[in-house]
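Have a look at this one before I ask anything.
In order of appearance the chains are A, B, C and D, and numbering begins at 1 in each one.
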Amino acid sequence: MDTGITATFLVSSPDQPGLVARLSGFFYELGLNIVDASNHSDVHAEAGPRFFMRLVADLGGLASPDAARRLGGSAGRKALEAGFGELSARLGASWSVGYSDVLPRVALLVTKDPTCLYDLILRQRSGEIRCEIPIVISNHAALESVAEGFRIPFVALPVTPANKPEQERQILERLRENHVELVVLARYMQVLSEEFLKAAPVVINIHHGFLPAFQGAKPYHQAHARGVKLIGATAHYATKDLDQGPIIEQDVARISHAMGPDELVRVGRDVERVVLARAVRAHLERRVIAEGRRTMVL
Amino acid sequence: MDTGITATFLVSSPDQPGLVARLSGFFYELGLNIVDASNHSDVHAEAGPRFFMRLVADLGGLASPDAARRLGGSAGRKALEAGFGELSARLGASWSVGYSDVLPRVALLVTKDPTCLYDLILRQRSGEIRCEIPIVISNHAALESVAEGFRIPFVALPVTPANKPEQERQILERLRENHVELVVLARYMQVLSEEFLKAAPVVINIHHGFLPAFQGAKPYHQAHARGVKLIGATAHYATKDLDQGPIIEQDVARISHAMGPDELVRVGRDVERVVLARAVRAHLERRVIAEGRRTMVL
Amino acid sequence: MDTGITATFLVSSPDQPGLVARLSGFFYELGLNIVDASNHSDVHAEAGPRFFMRLVADLGGLASPDAARRLGGSAGRKALEAGFGELSARLGASWSVGYSDVLPRVALLVTKDPTCLYDLILRQRSGEIRCEIPIVISNHAALESVAEGFRIPFVALPVTPANKPEQERQILERLRENHVELVVLARYMQVLSEEFLKAAPVVINIHHGFLPAFQGAKPYHQAHARGVKLIGATAHYATKDLDQGPIIEQDVARISHAMGPDELVRVGRDVERVVLARAVRAHLERRVIAEGRRTMVL
Amino acid sequence: MDTGITATFLVSSPDQPGLVARLSGFFYELGLNIVDASNHSDVHAEAGPRFFMRLVADLGGLASPDAARRLGGSAGRKALEAGFGELSARLGASWSVGYSDVLPRVALLVTKDPTCLYDLILRQRSGEIRCEIPIVISNHAALESVAEGFRIPFVALPVTPANKPEQERQILERLRENHVELVVLARYMQVLSEEFLKAAPVVINIHHGFLPAFQGAKPYHQAHARGVKLIGATAHYATKDLDQGPIIEQDVARISHAMGPDELVRVGRDVERVVLARAVRAHLERRVIAEGRRTMVL
């Protein structure tokens, strides 16, 4: 009996024989149908070959006699997770799970540029990105009307060099109050401290990434001065090493010598928002496993 | 014990619970390591949901006690195939297998244009496309020196409306003599008859595919007259409905109003050869399953 | 003296010696600086070789003695256009002109899908697309709140087979009242009559254009059934032959067998809006000349 | 009278009023037809606004009375160049010219990888790249048979740290003997000295350019370790700052976490050869003007 409600498991473990069989067998024996699965063995991983798997199981089977027998009479999500946890422990695997009827809660951090903010909200409203957006936080009041136009609470927390630790503490409090699982930096023009990143939920950032890469101020002016023929964007998990976190998605757009810095900004903005949206979507669908400096997108 | 020699199984079956577990379990119980696996359930298939899986197993385990016990003392490829065949029969699945130490034998059919011929031979020589090329067949003598430059036997079989059935019979004979498993139409400028396609091994063709599509003679001139901004190419399995077979790979290139028909031909040729090479490679790596008019590329 | 105010001329004429020299010489003799120019000779045009040129001239020079002497004491836009008209008549050329300080007035026609509507408005607000949007017209009330959120007047004109001629007459009236120069069909899900297109200003449409092309209802379902690997979109001028007008811009996105029809719709929507925005921008910058079934994008 | 023989002029000058008119007027007054022209004003150039133009003139007009009158009775290429040189001097412009009936002579420098070598030769043979290839020079004997298969003289000049200055002198001598105008580093795996680059004709190099860029040894392994989703290639003019010369062309290809370093090498090689071929073609068609660290591709 398929209920349409699914659980998506992400697993990472040292590679070893029989992993696909044992992981999929766990669900088979419970009478749970696997509706989607993919896996990858990374033989080049630094600490030895490593195995990654994404498994989507229909929860309808939890009501079956098989599930009751194996997980106990009260076969539910808790029991399922306990059972999967035992198996994972035997395999030395780390894992996580999400349920299709529990929408992840996402906070958007912005400054003044509305491009990515509109883009993400519209994709969420159209159902393309499945999440709740309980709050938009900004260091500036400029985008308040955008958030309110969509009836999303907006909090302005201005930041100065002096109040930065305090401002970040306030952001963290808002994230906790709103049970936020994912923070998206949708053109938030502030560098977040290492302390913040340690305390915060997962953070995804969008970075204008050029070919070759330009760092420092005014990257589009640098790109113009260098005469590159492509500009790009990179979405990555934020880590303490700024812009060095594991890459989730990248793309580029072709430019020509005839485009001035302003046009590069415009073209770059289009690439940035598409790349950020793809990364957020992949993360929320539980397709992304970060391992060291890399990600697998399953 | 991994030998580095692998067997790649492609499976297609009606979707049903436990497929991943049962298929991967088969190898697990034999002590064979699965080094790569991917699967897809197509819920939109015409005859009901259908399941596709690609499994790459290391054959080192065939020497293990598990394999000997389950497959008999002479556990070898024959016994492995027999065992997998039994399981597949129970699942209602169709399947095929290839071994990494047995190179597929590929015939190239050409006319006068050397682009795809050179491209495929060079990729084979560099190890990017793993196969043997025992023969190049043409309806024209023009490319004989190219084939001979690489020491590949070349056969010219000129064709006229009158001798076409006879010419196709001769091609089929050469394919059989050379134990050819795959025929690649590398710009072979003749329409193959339905009889030929029934009798021949699998045939891959490359087709200039435009947006919108142009049919009939001089497609690049039509594309120019229509002012399209992109031209493309499509690699597909040849079926009796010309250019309607299951698509394996497609790509496009951007063009501008300033390019004349000759330049479109040049740009189109570049797209064609890259698309054809990708399709041939995917097929030879046993990544492609055709199902009705579609392909899954696993 | 550069004022920063420019006039952009688009010229199309039978090819003949000296065109670049004579057209650019016209501005040189007036003391007007040409700040951008590009041209193209189409030797493949049906009615003989044809020449196209885009010239952007700074109007600061209109106050110069040269201009006064050549155009008369009241050297202004009228006199400039009269002078250019005389030259064009001698060359057998057709031409048009636009001024950077006169924003073109654009009407958006929509139905229920907000994607392209939001996209175009946001690009206009950010200055990327330079125009005024005096009105949004729909055959449905669904998007009223979107338009009003941006303070753009919204008119709902429901259409039935019976009232269609009357509804189109009302649309034309609104276009006239608002001095609209360009109509953008931003996912307007109605076929416009030949009579409407004759009476209306220039109309740009966005079309999901596949490789190969699918026509009729549910194109994304057809594309899925056919197993294409790319989907695309085409922006073109609307003509009486539906979807056959001169193409302004096209692009594609890569898809996989694992995407269902719903995902194709989502990916397709992203391509559509980017392609439509690029086409509208090119048109408003006066970069596009339609000639027969083709466009030149200068 | 169009002869089909053309002269292509490339001009670079400080921006000033009337440039298009005066440059195109020069040919108009001689009775020479301009068959193609494009220009660009770079307002962001460091030393003030700069103007670039490419003009293709049909030489048929050189036999006309206008040309004879203006250039003298012996109106020929010398007189044409003298006349154009005078005009350029008045404008403060630098310029160069090439004739369609004089094929540029190109030397290919290679080491062991045949990919780019085959690719360039085949494009030259098919007429896509219009040049002569009088010599292939290598620091290794591996590709001798490839060159000889196409009847191109091949010279092996092995290099060691000790003999490098002498080896480079020998290369220069071969370039001079063969009247080479363009050197293409088609995967030549040696760093050329500043002295060599000063003495040599124009040199085009192909560089694997990643997003973000990787420098040093084994870039594909670095790219894999970093988990990038795109790899790319950059063709540029060689200057004394290795890999920092003006960029002519760039492109990327999408990769996935499932690809090992070997596959990245393969995909990268395909991008490299296409990018190099496009750059060589643009240069030979006299479309590229380098200005400081940038190029204009007209």
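FYI, a contact is a pair of C-beta atoms (placed from the backbone, for glycine too) under 8 Å apart; a residue touches a chain by one contact, two chains touch by 3 or more.
Treat the numbers as computed from the prediction; the structure is a model and nothing was measured.
S.K.: In this assembly, which chains make contact with subunit B and also with subunit C?
M.R.: Chains touching both subunit B and subunit C: A, D.
S.K.: From the C-alpha centres, identify the chain that is farthest from subunit A.
M.R.: Farthest chain from subunit A, going by C-alpha centroids: D.
S.K.: So what's the Cα centroid distance for subunit A and subunit D, whole Å?
M.R.: Computed from C-alpha means, the inter-chain centre distance equals 44 Å.
S.K.: Please report how many Å separate the Cα centroid of subunit C from that of subunit D, as a whole number.
M.R.: Roughly 36 Å separates the two chain centres.
S.K.: Mind pulling the subunit A residues that touch 2 or more other chains?
M.R.: Nothing qualifies.
S.K.: With touch defined as at the start, can you tell me which subunit A residues reach subunit D in the complex?
M.R.: The contact residues of subunit A facing subunit D are 40, 42-44, 46, 209-213, 224-230, 232, 234, 246-252, 256-258, 260-261, 293-297.
S.K.: Where on subunit A does subunit B make contact in their complex?
M.R.: Residues 17-22, 24-25, 27-28, 31, 33-39, 41, 254 of subunit A touch subunit B in their complex.
S.K.: Which positions of subunit D touch subunit B when the two form their complex?
M.R.: Residues 114-115, 118, 122, 126, 128, 149, 266, 270, 274.
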